[in-house]
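The chains carry the letters A, B, C, D, E, F and G, assigned in the order they are written, with residues numbered from 1 in each.
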Amino acid sequence: MTQQLLLYPLLFQLFLSILLMFFWKKIETQKIISIVGGFIGVFLSALLFYKVWHYGTQTVQAANWEAPYGITFVADTLSATLVLLTAIAGMAVSFFSAASVIPARLRFGYFPIYHFLLLGLTGAFLTGDIFNLYVWFEIIIISSFVLITLGGEKAQIEGAVKYFTLNILASIIFLTAIAVLYGLAGSLNMADLAVLVPQLKNRHLVEVTAILFLVGFGIKSAVFPLYFWLPASYHTPPSAVAAIFGGLLTKVGVYALIRIFSLIFLDNEFLNDLLIVIAVLTLFSGAIGALVQKNVRKIFSYLIICHIGFMIGGLGMFTKVALAGMVFYLIHDIMVKTNLFMISGLIYRIKGTNNVKLLGDLYDKYPKLSLLMFIPLLSLIGVPPFSGFWPKVSLIIATLNEKNYVLLGAIILGSLLTLLVVAKLWSEVFWKKGEELPVRKHFLYFKQMDKARKFQFLAPIVMLAGVSLYIGFGAEHMQQLSNRIASELINNQQYIDAVMPQNN
Amino acid sequence: MIIEEYLYYIILPILAVSVLLVFCRFVMGPSIADRVVALDLLITIGITLIAIYSIVYDQSTFLDIAMILGLIAFLSTVAFSYYLEKRNRKKREKQQREEQQDE
Amino acid sequence: MKNRFLSNILLTFIWVAITGSFEFANYLFGFILSFIIMYVITKGRGSAKYFKIVPKLIGFIFFFLWELLKANLQVAYDVVTPTFYMTPGIVRVPLDAETNLEITLLANLITLTPGTLSLDVSDDRKVLYVHAMYLKDKQDFIDDIKNGFEKRLLEILR
Amino acid sequence: MSNILIIILSSLGAIFILLAAIGFVRMPDTYLRISVTTKAVTLGVGLILASAAVYFDDLSVTSRVLAIVLFIILTSPVGAHLIGRASYFSGNKMWGKSITDELDGKYQPNSHKLSSGEEFEDEDEEEDKTEHKKSDLL
Amino acid sequence: MEFLLAIITGLLYAAGLYMMLRRSMVKLIIGLIIISNGANLLIFLLGRITKGHPPIIPDGSKVFTEIYADPVPQALILTAIVISFGLQSFAIILIKRAYQAVKTDDLDEMNTIEEEIK
Amino acid sequence: MKTLILRTASNYLLPILLLFSIFILLRGHYLPGGGFVGGLIASIAFVLHAFANGLKDTKKLLKFHPGFLMPIGLAVSFLAGLLPVIGFDEPFMTGLWMHDTIPVLGALGTAMFFDIGVYIVVQGVTLTIIFTISESA
Amino acid sequence: MLIAILTGFVFAILLFFGGKNIVSGKLALLPALIPLSLFIYFVRFIKDISNNEIVHKTYEWIPSLGINLSFTLDGLSLLFSLMITGIGTLVFAYTSAYLKGNNYLDRFYGYLAVFMAAMLGLVLSDNLISLFVFWELTSISSFFLIGFNNTSLASRKSAFTALGITGLGGLLLLAGGLVLGSITGTYDISEMLQHKDLIANSDYYLLVGCLIFGAAFTKSAQFPFHFWLPGAMKAPTPVSTYLHSATMVKAGIYLLFRLSPLMGSTNFWNTTLTIVGLITMVYSAFHCLFRTDMKGVLAYSTISALGILVFLIGLGTQESFLAAGVFIIVHALYKATLFMVTGVVDHQAGTRDITQLSGLRKVMLPVAIAGILAAISNAGIPPSIGFVGKDLIYEGTLHLENSAILLTAFAIITNVLISYAGYVAGVKPFVGKLPEKFEKVKFPHFLLWFPPVLLAVAGFVFGVFPFLLQDSLVKPIVQTTGLNTSEIHLKLWHGFTPVLGLSALTIGSGLLLYFLLKPSKKLEQFIAKFDKLSPKSIIENVVLGFTNFSGFWTSTFQSGYLRNYISIIVLFLISLMGFTLLDGTTYKVDYSSFARITVYEVVILTILVLSIGLIVFAKSRLAAVVSTGIMGYSICLLFVFYSAPDLAMTQFAIDTLTVILFVLVLYKLPKYLNLSDYKMRIRDGILSIAFGGLISILALEVLAQPVNSEISDFYAKNSYLLAHGKNVVNVILVDFRGADTMVEISVLAISAIGVFGLLKLRLKSVERFQK
């Protein structure tokens, strides 16, 4: 049975989703299934991670057709790490959803869809087939559409229309890229493509293909100038949804970029430069966007964009140090962004608004909660030794090695602006004497909740804050992990060999 | 062999011309109903095109598609008629409301 | 009657199986053969209606095809010649057909023959509104339908 | 032998279809267009499919051809009825040389109930409305 | 023929994009449908086309004995078509819901949430 | 639009279409067809019925909400794929085949059940969507 | 040593959790024991250090990045550690009285403790990265301390400004440290010293220099970054005392001092520091004249003192380092005293406005003594340590080879102005007549007056007995710069030298200035007229401009109009594609490989094209939908022609269903308007055609490439034999690529659930928020 361990996190999520559909109307049961399932999911992913860490890249040929004829699932260290992080974030958000999502939404399939989303994320990280990746992307998109529109409030709909259109546009570009790639190389297996594509004679066409992938994935990872859907929509759904979106959705795009560029389209100077230009502008646009926002969740949304810039920059440099920095940042960012949006939910429950102008007093009234919330904020800024700091070290070293001073400047500027944005947020939301807001009828404030619900609200935040702290203070472990992933990415032969051992 | 060529050079062009004619009416309209009928007709002629094509290439498999076309093409006509009726009702209700307001 | 028909079909299949030739002609032959056999073996045992209907049905099919062809030619002539000789109009045709199936079949058959188009059936199922292309005399037209299609159809169905 | 049959069948079918197409373009009003095309096409399709059946001379093909023809005979007049009716509702005028319209005024404007013209009765307006609200897919 | 199909594919992309750039939401969705068709056709075309030889192993043989069309693009398109059916239906309902919520089909009037930053 | 003609026709078309859809489903492994098209045709049959007779009648005919078909179909497909994992430690979706072939269907294997799951899901989905829309129209 | 640092953090955490109980009431003094014990701990090292020993400890932290926690205790870090803990003890004690009864005293102690620990870590770190870590922590904790009165807008603003400036500096320091690391291969400063040549000869030298300067100047409030410091005076006085005079602001000085042996002795280094220091000291000393807030006066004089230090380090001679080392001590002693004094005055009298204060000696004599003593030390009047310090400065400047006279003159002017500032803060409030309103001012608590007195007295003790400092601290400090220390002899009395004359001149002018010029509101208003020219307002304007630009940039891109988003994305895509596709490719397509065209294909394609045209130009929504149907059916026929029966079937069924869906939805929608104008349509049309054209070209180019049919061959061979199916497409769907299909049906199910929820779920106002 352990031969198939790689697929367990995947199959388990699918199982959960189907099971949850059977309990359509019983939302209390759904909550229990989701939370318990979350724990099991973490366990399974941890097993997978353990196995990959100790025994190297794992593969399963679905339906038992050897690569490249069937669909291969591959877990190298990067994939296993991301699957584990997805499971952790997923479990936290399960918890948070149970406490924060209103029953009306739960009655309309929130949990099944949520687990479908996790399924999609896990699948995208594990697949070794480019078309299969497309399919996983679609499941991610459709479930995120459903989650973003569930409830059908005006703002939700308005955001969803943009989210929907631009993401579909991305999918279509992705599909176009697949069409061209298949037309050129005649294969869909990524390892096989890694062998075939470098042999193709017409490099121009390969470059165009890469650009199509770049734009397709770029939209999903919300880079400049393709990020519009994100600020237009991320603040509209329930905060639990925003949490999983903020933590993981854009990261799938980044992951796909990493995969494609480390495996198939190697060492193209033009593309690398392009990525760096994109990274610089992304950092810049995200940071200054966050600076002018007045809504907590919008601020976080722009910060997502800003920080994607760090990762894209790392990818663009494509050296071992840079990749290690990028991977470390990815790990850190998933945990922090998930937590931030849960925090925005907590703030919303405390004060009944996410508008910075109206907020205030939190530090006075809830000092301990405030300090709890301060931990992810510190990680976000990258105050040493919190988690956001270490990857920046690697990234800066990489820019210096590459003499890429523009990116260096952008990284510094991005970091500084993040610092200022958070400081401003802190001073406005936590320090300021807030306005007396009228007490909303029918609104369940945090202080009115019973202990159990408060626990459900805070436990996931504490948990993820703990993980962030571990990432920061146990940076040595993360650095080793990142270094290993970086060397796997640089040396793609091991991936190819793991997928197609018969080639040797 | 002769049959295939006959079908290919005589029958298919005739059908093709028919398709074009029907399409002309589709473009001309003038009413939605005409367009819907044109659509229906196009599909039905499509069935014959497929039938001839299947003879020309000696692939009876294609007749399966013709079968599906024959079965469900009808549904879009049903749907459009439904639409026309509903829309018409809506219009009339609106008219009535306005008339009542005038009174 | 249904049983008869089923038996007839069954026998046909048996015939085909025995002969081992799965061609259309063989089915047809088998059908006719088994019809005759059944006619012979059930002769005089009361329920002979089936054996009267089948010839009528076949007759009706040919009648229908003939009508179809005839009127198609008429329309074709009208279509290819530059001027129209049509005198169209919507006519109210009172119905003798009663059941849904009867009415529907009748309406469809009317539509399928050229020059006429069943537009709708009144809600009390008493009247069929028919659009006709060549309407010279309203009563003649109605009588044609009533004595032609409706009569033959009802003979078969009842 | 079968070749000749195929040629005859397919030629006839194609001609009927062509005629229907011409008629469809030339006919002056919607009802006439519907009327012309339904049958010509039915006949044409039937003939061409028959030629395919003859060509393949295979039971499965023949049965499929029969099925298709049956479907078309079953569905196309129903379609014609529906679209003709809808067309009447949406107020498509009949050709100027039409001599009579006995359908005129027989439809209840809101419910689209059709009277036989024998026992015309004034139906309660309100009842109509409530029924309309209830009917979902109508 | 491939040449014409390539042009048509481009045309589908162009028309789809053009429709997506309109202000009406219905047009937007129609645009998405068109452009999806374009993508499908592109996969089909670039997988190379073959006339009259569907990838179905003939009766009586166990492998292909003559040329056949590449089944892979067909399977991919089939998957893509079905997926876009799901997305399209969702999109169409979204139009309806948006009209109920925002009372307009005009996309330009659907940015109250984004205007608040200005 | 519940016209007599349409209603009558649809009552005859429904069984024909359903039968046809199963036919298309089962032959998919050998000839064009399969779970998707089969499921679509089946749902078209019900949609037609709903157009002609009203949604209520169709729902009555179905006895349960079509949405329920979705988890069932998914479960069927999932189990068909999972069977090799649980029973034989083979990868997910590995085809398992019976040794003997069955007359009409040919070889019987997990792939067939997988396709049946697809058929059910597609029906559930299509009907749910269309019914939901027309209910809130 | 790690434990010493961690103590502070642990204490802080303890305070956060049980703070209220620990520091409330009489136990408020307890926290002061922490710095005190640390002070004693560091005092024990004096002997070792004076024997030229260096204590070094390394703990592994992140070896993968070469980052370790390595600590060094030498003369320089010992001096700072003693200052941090010593003054820290007094500040802690002072605070217990100053903020007595404050609700958030626990927090305050917590921040102070974090700050102290961070500052200790900063000065003890040998590793540049860990130094940076602590450097950032001081910025963060000072953010909290400055913003302690968090309900006041001014406090928050100041905290924000301070964090912004020092945060920027921190990032520059990080970059600088990393560059140094990449040059030398290590982050340990002690190891770097062995690769000094590498640094000096590196291409990066200038870059590193700029980065380090950026860090030091921002932290130590050098011109033009100085303005955050007066703002930071919004913090409670203990903070000003501790952070903004004695310790944190000296972190930049510490850094420059520490890195001088590594990077100094170059023209760039010395000249820059000298000039910046000079400008800062003169500029801000001059500003002291125009302040009426005691703290404001002190803030500018502090900046000036920091300028002097930078200036001295910039001179880079043994004498100047000696002067700097001594001046650090001097300044810490008197400036901390003056701040505490200000605090007491403020605390007791309720104002810091110097124009209102006088005669307070009558109500708080010990405070007056402390103030006056500190002012004396500040003015450099013997026998205070200030006198020693000032002499050393003049010696440092006078013995220069270039422009000695000029620099000395600037030093004199600065000192005169600074001594004026000292009088204003330390003397003015206590002399003269006690106004009526202050007669009832209560005598301050012991812990308020004792710490300043202690510090002030210490200034005189060291002045009289300078040898106390000589071997224990001063020599080791200079030693860290790697210069010769054998000739250092601290003395109060050097005999009649030119320096003595300069000292006398300084003292005299200072006193004269004090008697001639009294602080007044008028003066303050006068200088306010030049605010627009000040670096503060310039930088503020830049920041404002940047903010405006941010808003502009953000709302330009995030315009809210979906079509703009789409346009930008597609424009981006086609410009990249066009660039690579059309650039230098020889457009070659092998038409002979294309199949011949037949009539029916042409007809279908024609219809396809026309239907697309109809969709685009349709006037009614329904016409567009019907045309879409025709387009779908034409494509379906294409699938038939090109051997894809399964595709054709599915596409056909789905198109029909889509039409039904549209029809069910459409009649509820409003009119189908054409909303875009002519120009817009042209623009979109061009964009669309470009996009489509590129796709066509791409397709044609790919079609001209060779085909690899390995995979389809495999399927063709094995579809029946291994997978038991003859319809290969279906076999792929349910077997070869079955996983795709599993996902795909999930997608369908999700969309159905979505549709269901979208239409059926209407949140009522109650449901919207209630759980």
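Simple rule for what comes next: a contact is a pair of C-beta atoms (placed from the backbone, for glycine too) under 8 Å apart; a residue touches a chain by one contact, two chains touch by 3 or more.
Computed from a predicted model, the values in this text were never measured in an experiment.
Asker: If you apply the touch rule, which chains end up adjacent to both subunit A and subunit C?
Answerer: Under the touch definition, subunit A and subunit C have F as mutual neighbours.
Asker: Name the chain whose C-alpha centroid is most distant from the C-alpha centroid of subunit C.
Answerer: So the chain farthest away from subunit C turns out to be G.
Asker: With chain centres set to the mean of the C-alpha atoms, which chain is at the far end from subunit D?
Answerer: Taking each chain's C-alpha mean as its centre, the farthest from subunit D is G.
Asker: Nearest whole angstrom, what separates the Cα centre of subunit A from the Cα centre of subunit B?
Answerer: 48
Asker: Report the inter-centroid distance (CA atoms only) between subunit A and subunit G in whole Å.
Answerer: Whole-Å distance between the two chain centres: 26.
Asker: Rounded to the nearest whole Å, what is the centre-to-centre distance of subunit C and subunit E, using the mean of the C-alpha atoms as each centre?
Answerer: So the centre of subunit C lies 44 Å away from the centre of subunit E.
Asker: With centres defined as the mean C-alpha position, give me the subunit B-subunit C separation in Å.
Answerer: Each chain reduced to its C-alpha mean, subunit B and subunit C end up 26 Å apart.
Asker: Mark out which residues of subunit B touch at least two other chains, giving numbers and ranges.
Answerer: If we look for residues of subunit B contacting two or more partner chains, we find 15, 17, 19, 32, 36, 53, 61-62, 64-65, 67-68, 71-73, 75, 78-82, 85-87.
Asker: Which subunit G residues touch at least two other chains?
Answerer: 551, 554, 558, 560, 562, 566, 641, 645-646, 649-650, 653-654, 656-657, 660-661, 664-666, 668, 695, 702-703, 707, 709, 711-712, 715, 726-727, 733, 735-742, 744, 746-756, 758-760
Asker: Counting only residues that touch at least 2 other chains, which ones in subunit F make the list?
Answerer: 1, 3, 5-6, 9, 20, 24, 30-33, 36-37, 41, 44, 47, 51, 67, 70-71, 74, 78, 92-93, 95, 122, 125, 129, 132-135, 137
Asker: For each chain, which other chains does it touch, given as pairs?
Answerer: Touching chain pairs, listed by label, come out as A-E, A-F, A-G, B-D, B-E, B-F, B-G, C-D, C-F, D-F, E-F, E-G, F-G.
Asker: Could you list, by residue number, the parts of subunit A that touch subunit G in their complex?
Answerer: 14, 17, 21, 62-63, 65, 68-71, 100, 102-105, 107-109, 112-113, 116, 119-120, 123, 131-132, 135-136, 138-139, 142-143, 145-146, 149-153, 161-162, 165-166, 169, 173, 176, 180, 183-188, 196, 200-202, 204-205, 207-208, 211-212, 214-215, 219, 225-226, 228-229, 231-232, 270, 274, 285, 288-289, 291-292, 302, 352, 363-364, 367-368, 371, 378, 383-385, 389-390, 392-394, 396-397, 400-401, 408, 412, 415-416, 419-420, 423-424, 427, 430-433, 440, 442-444, 449, 453, 475-476, 479-480, 483
Asker: For the complex, which residues does subunit F have touching subunit D?
Answerer: 1-3, 5-6, 9, 12-13, 16, 20, 50-51, 54-56, 58, 134-135, 137
Asker: Give every residue of subunit B touching subunit G within the complex, in rising order.
Answerer: Against subunit G, subunit B makes touches at 8, 12-13, 15-17, 19-20, 23, 26-27, 29, 32, 35-36, 39, 42-43, 46, 49-50, 53, 61-62, 64-65, 68-69, 72-73, 75-76, 79-80, 82-83, 86-87, 90.
Asker: For the complex, which residues does subunit B have touching subunit F?
Answerer: 61, 64-65, 67-68, 71-72, 75, 78-79, 81-82, 85
Asker: Would you pull the subunit E residues touching subunit B in the complex into a rising list?
Answerer: Within the complex, subunit E contacts subunit B at residues 51-54, 56.
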